[in-house]
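The structures considered in this document are given below.
The same subunit A turns up in both complexes below, where it pairs with subunit B and then with subunit C.
And now, the complex of A and B:
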């Protein structure tokens, strides 16, 4: 079956949303980076969306990435419209960001109860939490937590593979 | 005079030359308010949205080969919100009613956007 699926990638600032989408983009991708004027630990930040088409095991995914800051919460709503699944990203090494991750997660699921996976990045950091711990903090199903490196194409595909499994269960 | 004062003066001058201007604001390209003539309550929200519209507009301009992004016009049945690129460090947003002269607004606001680009 090869109908295109709309998937949303969301999560707090610096979780790796844009990196993940760039890594897996088949052909071109759209980003909307603007220079960051606040201290967020990186030079640029997404102000509207990222977009790319991906191929995951023969299934075409149309992936939309959201901005991470709460001031862009209207984009979460706009991009979540019609999405069939969500990849929520959270950093393993910044427990202080987890309440924000939970807020975004709850907001997206309140829009529509779609299948999700929790993608956990920055696992190589010294103080990293285990992906299952992150999921529990988010009050999410720990079996849906996937630790991965969004910079590595082989690894970056894993949350989407897991999400497609979850979607297959629903179809 | 601080940058902030200079920017506020530019916005006030815009409002003097075009009294129908309802609100005028300047935001950073990543959506944080810098200065506003208008409601403080909605300033943060409008600043974020102006940056989103301009950021997306820039990508649309590139993808459809329109060159460098200049402005985005949102037209409602009760007015316009026009967002101008002010160099690479600022965004100017102006609200006018539906019967405003859009040509005149462009003339004045583009000048303000250029001046803002020099200040920022």
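And now, the complex of A and C:
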């Protein structure tokens, strides 16, 4: 029997974590959204985790999404234990959220050995940073930054493909 | 009549200048902590956290914490003098307030750029911080920890300093090139065959989605 694998999706509030996991799950999806009690720019937010299970060529892949609010930072550590990799999401159209994305990114870099990619969302906005520009701000390897639309089933797998490519040794 | 309230409504930097010239004790119930500050003639004569006396540096840290995240009920009890002062401070209250207010402003100005409390840093070249005496002193104290990698959270606990102050010091040290982020090696995957199988699956799914 294959050992189940795990990928963790993280990032600031509103980066598209829940959307991405919903798209990947095709219905087999658990969310823990609750009505937001503070002004975070949306009506509901994830308070524990999002979770989707996929059968990937006979191997079970669990995809977990962490809550984006700061007080739930500890969830990343719990969810990332034994993970295959992390997808850090950042919004291309909200430069104000990038310092928070960098905080999360640096925390990941210094606290764990889990490989990562950076998924950049909302690239279709009128004004948007390019994925490489976001990587520059995060002081990250630009080859690991991937732009994608988390609502589009075809596009939603791009960060996962890039993560697997990186795990396979491709730059 | 008494001066009382909650620090979330009236910040410590607002209330303290009013009570500082008087004689008495300022009591704050801050979560699980019981803070007492004895004042006499504009000077802070002694201070306690849960009956433990505070050092001058400790007072500044506690005030910074209260100024930054202040919550909790406070009251000022006039003419209450300490029966004894285990560790006399005799700090001018206005100077303390000015230092804390300045530090609070500096931290808030760069707040978003401060490192994650648990991001770990390594000492690279402390000499680069020589022009900043407070920072240089901090790096000298923190050297054994920073030599192997330490986060603001760990250093704050170790030196009994406000977490945000340590984050601010690490931010400044990093700007000067005195410390750098400790980046762990990414783990090499032991099952490349599995990765290729998963890649093939995703690529197949991508093709199906585009049809």
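We take it that the second predicted complex is superposed on the first by the 157 of 171 C-alpha atoms of A that agree within 3 Å, B and C clash if a C-alpha of one lies under 4 Å from a C-alpha of the other, contacts with A are read in each partner's own complex, and residues count from 1 in each chain.
As a convention for this text, a residue touches a chain if its C-beta (ideal position, glycine included) is under 8 Å from a C-beta of that chain, and two chains touch if they have at least 3 such contacts.
Bear in mind the structure is a predicted one, so any value in this text is a computation, not a measurement.
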{"item": "Which of subunit B and subunit C A:49 touches, first, second, both or neither", "value": "first"}
{"item": "Most subunit A residues touched (candidates subunit B, subunit C)", "value": "C"}
{"item": "Partner chain in contact with A:59 - subunit B first, subunit C second, else both or neither", "value": "second"}
{"item": "Touched partner set for A:112, first subunit B, second subunit C, both or neither", "value": "second"}
{"item": "Partner chain(s) touched by A:125 [first = subunit B, second = subunit C, both, neither]", "value": "neither"}
{"item": "Residue ranges of subunit A in contact with subunit B within the complex", "value": "30-38, 45, 47-49, 67, 69, 71-72, 74-75"}
{"item": "Subunit A-facing residues of subunit B, complex", "value": "28-32, 44-45, 47-49, 51-56, 58-59, 63, 88-89"}
{"item": "Interface residues, subunit A side, partner subunit C - complex", "value": "2, 5, 56-59, 61, 73, 84, 99-100, 103-104, 106-107, 109-116, 139, 153-154, 157, 160-161, 164-165, 167-169"}
{"item": "Subunit C residues within the subunit A interface of the complex", "value": "112-116, 118-121, 149, 151, 181-187, 189, 192, 194-203, 205-206, 209-210"}
